[in-house]
Each structure stands twice: as structure tokens, then as C-alpha cells.
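Look for chain A in each of the two complexes below; its partner is chain B in the first and chain C in the second.
Moving on, here comes the complex of A and B:
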């Protein structure tokens, strides 16, 4: 008990900073919005197909980015967790490389590659696969590509940690009991890596839901996601009420998604001893 | 139930040869122990039999058929891991039933077989627990049950007793032997502990640097190691350098630091007059003589052979070890001698002591 109390003291500075600089302003914004306009800003959002479409686009882009990051990231993470190569550290640096460049710079990089006369179209035309350039830049596809590039390191890092903690002998044991490599993955590795999958997905989904620079730069002027819409309401429409309503709805959507993920997997997590002994 | 044969089995990791041309034949239902220090190739051999790693050359035959190209999951080889490697997200029941579920057996049969094997390892009533809720000994028995329930043709045990405390060790030793005999499964144990090897196995294979040094019954290997290295590994404590002075029909007289020591002549080992050699003896075989014993010896003409190997030395240190007392004695030879009597009441450090090395307990190795 004594020990728990002193541990709480250690958490106090960060908790205080979060409270002062995050919780207080958020509450202030909510109180001010409702105080000035009542719930009309929220009602407007849900009654306008234009806004609902933006919410759906945001969720769709985030779900796709998360799913593709997981599918692409998992094999990489598994390899990284199991390899004994001396180049492991070099590979780790390569995985972390995107972190060294800002999201804006990376988006410009993708513009060069995906543009109408970009590298990709030039290449495809040169080898004769297409005759007219593909429209990728300024579409949802470009946003998803940029988003995956931005967020896949988070997914891989979450997965490496948990995959490394799985005893390789457990996989050998499954094989010796007659399980094919695929069955071993399905019944042993996958369930044991679930905590990493969950944390990776929550991380990538959340960051994708709230991203601004990538959709702004790669999606073109007609492409809107929740975060870009908030900025548009403030800078273009000068409608602070709508902006704060959108922020709150975005936050609620993320919390709801996290709740669904956590509840949906709670049965598994419980088996793993609340994740403690996983 | 199967026979196992290793033919010229070799494994290399880069330039390093982990297993070097190993030949071995294991009979149906036999329990053998691969004994050796870390890096001797015993675990690599096990992993090759299980199919987790491919041999560089040579072959592995089960019932006469080469299984070299068969993937691990089709080999029907049960394996018990040193760290148990239980599935942490499954209950005891699910862990044990895993292999049977993979075989897609009917539920009723799975239940029957799991119940049966859990009763055999005395874990009945623990089905719903998770591995983390079990003690080390219980986890070990789950691992054993899991490896046995699929009725493997060969059972591999990797250091089965190393993680247990002394009391559980003895208990599990008995348990493993009982279950193995009852099911009659051809079994290979890998261990670095010579006591574990001799107490469990029908045959002991001593390995070093990827090669087999000695194959024999536990008694042969324990009492008559065929080389100084094996003797050292089997727990021989005292090694004395000497030179063979005289060859007699049944015995050898060896000159050790100027003293004549009499050794029973070993069968078929080539040590002859003039050879430099090393004598080895176990601590518990060195007798300590009291003054009374000495007096008796002086008058007893029949005890001549005993008198021959009787030496005076000085006690350098006395260490109480619980079940015995380890004594370091100098002054007998250039090398120290280490007797370990069960009840020691003799002189302490600096005192004089009389030792007797029985001729038939001394092993002799040519240098």
C-alpha cells in the first residue's frame, strides 16, 4: 500500500501537465461551444450528409491504413523478432527511417512519385503497362499510401515487442505435435501476439484518424478528413463552434473504436492473464 | 514404438562442426541418455531427430526408414523442452489436447485420452488451470503429458530434470521412468548431469565436441569410464599422474611420485610397461584408515594388498557438504587427493591422515 502511494507520486507531474494543458482546454472548448450555441453544432453535423461523408471517409481511410499496415507489418515484425542476423540493428534503423523525416516532407516525396508526370507513371509508361497516366495523386488511394508509409513503423514496433516475447520453443512444440506451420501460426503465434496486434492497431488507427498533413497534401483540395475539416472551419469558414463539434465527434469516434477493439478481444486477453504473462 | 538409427550424422554451423559423424542405434522401447557438457552437440542431435534443423550429412532412420526429408510436423516425434514451452494461452486440458485436436479426432476420444494421460502424470483435476497457475513440477508434468498423449514413436526429453529442486528431481526421475516403461516408448534424454543420465537411462552415451566418447550401461560408464575426459565428466575427483613400472597378469604396479601404487589390470585396455599414465578414483571410493585399522593391517598378512596402497598425507582443508565431507589431502603424490567420507571425525586442517586407494577402484588411462 505504502509503495503504491509513493508510485502515484511519481505519476503526478505528468498527470498534472496533462490536466492543465489538455483536459482543461478541452473542457473549456466544450463548455464554451455548448454555452454559446447549445447542441446545435453537434446536431448540424449529424444532420448534414456532407459532414457524415467526411466522418465515413476518415473511418474508411483509417481502417484501410490500419489493415494494410498490419498485413504488411506482421511478416516483417516476425522476421525481425526471430532473426539472429548481425544486420538486425541496421534493419531496425531502416524501419525507423521514416521517423527521421517530417510528415510534410514525406508527403512531398510521394507527390513526386505519384504525380501525373511522376516517377511511377513514367515507369509504367516506359515499360508499356499503361498508355495514359494513372490518377493517383489527389485521390484517397494516395492518402492511404502516404498514411501507411507514415504509420507502419508504429505497427512493426508494437508487433516486434510481443513476437520477441513468444518462446520459439512453443512454436517447435506445436510442430512436434503435428501442427503445420500455418496451423502453428493460427493457433499459437497469432493468439499469443494479439496484445501487440491490438496496441499496434489502436496506435495506427488513432494516428490515422487524426492525421492532417498527409490527407491535406496528398488528397487534393476536394478530399476532406475530420482533421482537415476542423482547420477549414476555423481558417476558411470562421465557424469555431462547428470546429469544436467536429473535434469532439472525432475524439468520440476514436474512443468508440478503441472500446470496440478492447471489448472484442477481452476474452482472449483474459486468457493471457490480462496480458501480464503473455 | 520404433527403432532409431543415426548414420554418420553431421551438423555444421558455418565452420563449426556441432555433430561430427555420429552413429547410434536405439532399440525399440529403449531409453538412452546423451550426456555431455554444453556445446557437445547433444541438443543439436535432438533437434535434428525432431526435425527442427537439417543435418549437414548423414541420415536418421526410424524403423529403417529415412526421415531426413519429412517435415517436423509429420514425424510423430514427441519432444519435451527444458523450459516446458507450454502454450501460455491454453488451459492444461487444451495444452494436452492440442495434438489430438490437430489430428481432428472425435471429441469423446480426445477427452478419454487426455483424461487417461493426466491421470498417468497425476494431474487429474487441474484441467482448467493455466500454466502460469501451476508450480514448476506440475508444469513439467503437463509438458510430459502433452508430449505423450499423441503416442509418438519416439520421445525426446531435453534436460528433463534440470529446472527442479532436489526433492522434485527424485520424484520426477521415478515418474519419468515409470511412465516410459509403462508406455514402452523409445526415448532419448539429453542431459549434462551424469547422475540424471545413469539413474534414468538403459544406456548412456557420453559426448564431447560432437563425437561419441563412450557408450555403455550406466554402471559401465559410471564405474569404468574409458578415458580421462569421461572420468572427469562422470565425477571422478582425484587424478594422479604416474608411469607403469611392472606388468603382472592381473595387476599393474604404477610409480606415482615415487610411490608404488597397485591397480587391477583393466580388460582390453592397452597400458603396458613404461607407459606414462593417469590414475583416477572417485572420492567416495577412497578409504580413510583410523589408527585401529592400521594396527589390524600390521598383523593381518591377508590385508597385504590393502597395505600396498596405503598412504600418509596431510589434511589441507575440510569442507562439510551435508551428505559427505570433502577433504583435500596433500603429500601423498604431486597431485592432491580428495576423499569424501560420509561420517568424518578425523583430524582437521594440518593434521595427518592415512588413506587407502583400493586397487579395483582405480581406473588407469594411458597418456
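Moving on, here comes the complex of A and C:
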């Protein structure tokens, strides 16, 4: 009993700080918003094609970024988990390094490369592939490129962990029983790496749903995602009702997405008998 | 010696991804030394004028840096105190609702930065009179706490608590046990968490762009504001300095705690 009390005492400062500065404001503002305006702001959101389009853009960009990060991140993680080359440490640093560099700085790098007078256009014009500069910056493509650059390290790190923990003997066993390398991958390695795929996808999807700096800097003024729209409603349109509707819908969308992914896969994992690592 | 299971196609993808990851950073570093306002490759000469421009008073980069450092360091230090004690409570003692408590502590991670920022903005407008630094400090203080707790817990989770009993039986008092056994052994997790937390705060834009006041602006917001007005290589110069700082941090972390700490 005494142990429990000292545990509570140690946890108290953090618990109180969170309660005071996080839980209270979140609950208070939600209650206040609904108390004052009812659900009208939320109804406005769902009846206005302009806002629905922003929601759809946000989901589309996030799904695409997640899919490409997985498709390109998986082979990268696979190679890194298995290589004995000394390059592995260099690669590890390259993956961790952009982690530590701000999203603003990284977006700036892409602005220099993708801009109208940017390096990519200079290069393509110099070798005579195009005569007019390509419009990449301030489009959805630029946002997706920036997003993948920002988030693929998270995907790779989630995957390396599980891929490294797969016992090589399981694969040798499959092979000695006559499976081709492709079959071994499909029926042994891939299912065993599923926990990493799921955690990587959840992480990348939610981070891209809520990202702010990348869409703002690479998408230009006409490109809108949920997070940039919240700021625009407050700082430009001064419409706090709309801002709070968007902000709560964004929160709900993320929770929903995580719930679907986690519930949908935990059933699958149980069937696979691999739920322990999930 | 090659692993039989490795695949040349994967190696090619891996190398291309590495090039993709470093390309913008290399471009920024090279661009920071171009003498012309328009960035061209190959650069037409070499110049440090953009670096000098960082220190020009009108850009406010230095005051932005000072503000970012104050907020980042202050929030991280305070969070280390309350975060490490909270992690100890979760890992050291057995009680019901342990996991619930951990989820509670990491819950700010699951709320979008802008949503939390907007909630705080509304509270500040009701309360009134909250000074500029405090508006951002409270936000950062809350959103970086999960990083410190999660990383500390990941170390304490596999901690051998009998070491504490051993120290006690050898005559150490509880304070000595804490500072000479528990803390040194948990240090890698605390340091990794603190680094991630500090960098999160230092680089944060969503929250700061809603909560900053004209008199208290952090560095990333200054950089973003500058981008809207002009696009000269001053941005490349300050970005290069930030990249350099990150590089130094990575090397220091690799030396003192190892990069594995970031893979949890």
C-alpha cells in the first residue's frame, strides 16, 4: 500500500500539469463550443463542398504518402536489416539525420529544387528535355514529395526493427522445404513483418494528416489541407467557429483511422498467431 | 560476406532512397555559398554574404533563435524533472491502471498540434494577459512531455531493479541510490528523450504560428515569414547552420548513448 502511495506521489507533478494545461482546456473548449453554437459549425462543414474537398485532399495526400513510403521504405528497410556492409551505419545516420532537421528547412530544400527557376527545371532545360519550366512547386505533387521525404524515415525505422527480429532459420526452413525465395518472402517474411508495417503506416498516416509546415510551404496559397485551413480560418478569415469545427473533425478523423487500422489488423494478427508483437 | 537473403533490387532502392533523403540538404548547403540571389548550379563563384545577412538586425533571426532556445531548453528541463519522476512511478511500482497512466501521459501525442494550439488560443483569449513567451511555453511544455516519458520508460522497462537493492544493502541511502545507480543507468533513455523533445520544440511551427505574438516569435516562424517576403540564399545560410547543429548533435548522441536509442 505504501508503495502505491509513493508511486502516486512521483507521478503527481506530471499528472497535474497535464490535467491543468491539457485535459482542462481541451474539455472546456469542446463543451463551450457545443454549448454556444450547438453542432451548427459541424453541420456547416459537412454541407459545404469547399470543406469536404479539403478533407478529401487531406486524406488523399496522406494515403498516397503512406503508400509510397511503405512501397519504397520496405525494400530499404529489408536491405538495411540484412546487409553486413559497413554502409549500414552511414545509412542509419542518413535516416536519422533528417529527423533532426526542421520540416521548414527541409521544405526549403525542396523549394530550391522544385521551384520554377529551381534546380530541376534548370537541369531539364540544360539537357534539352523541356523548353518551358515544369510547374511542380505549389502543387499537390510537391506536397507529396515533401511529405514522403519527411516521413519515410519513420516507416523505415518501424520496419527495420521487426525485420531484424525475424529468425533467419525460419526462412532457411521454408527454403529447405522447397519454397522459392519469392514464396518465402510472401508466406514467411511478409506476414512476420506485419506489426512493423502497421505501426509504420499508422505513424506516417497520422503525421501526414496533421502536418502543417510541409503543405503550407510546398503547396502554395491555393492548396489547403485540414491543418493549414485551421490556421487560415483563424489568422485570415477570423472565423473561429469554422476553425474549431475543422480542428475537432481532424482530431476525430485521426482517432477513427487509428481505431480502424488497429481493430482491423488485430483480428488478422490473432489469426496469424502474431498478436504478441502488435 | 553477403547475407544469402539479401537482394540486389533492395540494395538499389535503398541507395536511391538515401540519395533522395540527403539531396535537399546537400542542395541547401551548396546554395548557401552562391554569390547570386538566384540559386544556380554550378554556382557562379563563392560568397559568404548570406551568412553575414543572418546577423542583420532587420531579419530578427538572432532574436528568434534566442526565443526558440529559451522555450526549448526551459520546457525540456522542466519536462525532464516531471517526466523522469513519472516514468519511475510507472516502472518502479506495480499497481492497477499502470498502462492507463502511461497512456494518459502520452496522450498529447495523439492530438494534432494545430487543434491543441487553437484550444489554447481560445483559453488565452478568455483569460487575457498571458505574456507572449508563456503562450508558446505552455504549449511546448505539454506536447514534448510524451517524448521524454516514452524514452525513459523504454529504458526503465528493462531495468534491473535488484541493482537498487544491492546498493541499499551496501549502505547507500535512498538519495544516493537514486543519483548514483538509477539515474546513471537510465541516462541513455533520458538523454535521447530530452534531445527529441528539445528538437521538437525547437522546430515546431503549427503551434507557434497560432500562439506567437508580434513581440515573441520563434526562429522557425521567423524563417517562414522571411520566405514569404524574399527567397534569397539567406535562407540557405541559416538552414545550413541549423543542419550543422543537428549534425553535431547526432555525432554527440552516437558517441554518448548510441543511435539505437532512437529506434525504439
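FYI, the second predicted complex is superposed on the first by the 249 of 278 C-alpha atoms of A that agree within 3 Å, B and C clash if a C-alpha of one lies under 4 Å from a C-alpha of the other, contacts with A are read in each partner's own complex, and residues count from 1 in each chain.
What we mean here is this: a residue touches a chain if its C-beta (ideal position, glycine included) is under 8 Å from a C-beta of that chain, and two chains touch if they have at least 3 such contacts.
This structure is a prediction, so every number in the text was calculated from the model and none was measured.
Novice: Touch test for A:191: chain B only (first), chain C only (second), both, or neither?
Specialist: In the superposed model, A:191 contacts chain B only, not chain C.
Novice: So, A:143: does it touch chain B (first), chain C (second), both, or neither?
Specialist: A:143: touches no partner chain.
Novice: Applying the touch criterion given at the start, work out whether A:177 contacts chain B, chain C, both or neither, answering first, second, both or neither.
Specialist: Only chain B; A:177 stays clear of chain C.
Novice: Have a look at where A:7 lands relative to chain B and chain C in the superposition and call it first, second, both or neither.
Specialist: second
Novice: After the superposition on A, what does A:245 contact: first (chain B), second (chain C), both or neither?
Specialist: A:245 sits against neither chain B nor chain C.
Novice: By the touch definition at the top of the document, which applies to A:79: first (chain B), second (chain C), both, or neither?
Specialist: Once the two structures are laid over each other on A, A:79 reaches chain C alone.
Novice: A:169 contacts which: chain B (first), chain C (second), both, neither?
Specialist: Only chain B; A:169 stays clear of chain C.
Novice: Compare chain B and chain C by how many residues of chain A each one touches, and report the one with more.
Specialist: C
Novice: Once the two structures are fitted together, what part of chain A is touched by chain B and by chain C alike?
Specialist: Residues common to the chain A contacts of chain C and of chain B are 181, listed in rising order.
Novice: Taking the touch rule as given, give the residues of chain A at its contact with chain C in the complex, in rising order.
Specialist: 3-4, 6-11, 13-15, 17-18, 21-22, 25-26, 28-29, 32, 72-73, 75-76, 78-80, 82-84, 91-106, 108-113, 115, 117-119, 122-123, 149, 152-153, 156-157, 160-161, 168, 171, 181, 206, 209-210, 212-213, 216-217, 227, 230-231, 234-235, 240, 243-244, 247-248, 250-251, 254-255, 258
Novice: Spell out the residues on chain A that touch chain B in their complex, using ranges where they run on.
Specialist: 167, 169-170, 172-181, 183-184, 187-188, 191-192, 268, 271-273, 277-278
Novice: Going by the contact rule set out above, which residues of chain B touch chain A in the complex?
Specialist: The contact residues of chain B facing chain A are 50-52, 71-79, 81, 83, 85-90, 98-99, 102-103, 130, 132, 146-147, 150.
Novice: Taking the touch rule as given, give the residues of chain C at its contact with chain A in the complex, in rising order.
Specialist: Residues in contact with chain A: 1-3, 5-7, 9-11, 13-14, 17-18, 20-25, 27-28, 31, 38-41, 81-83, 85-86, 88-90, 92-95, 101, 104-105, 107-108, 110-116, 118-123, 138, 141-142, 145, 149, 199, 202-203, 205-206, 209-210, 220, 223-224, 227, 231, 235-236, 239, 242-243, 246-247, 249-250, 254, 259, 262-263.
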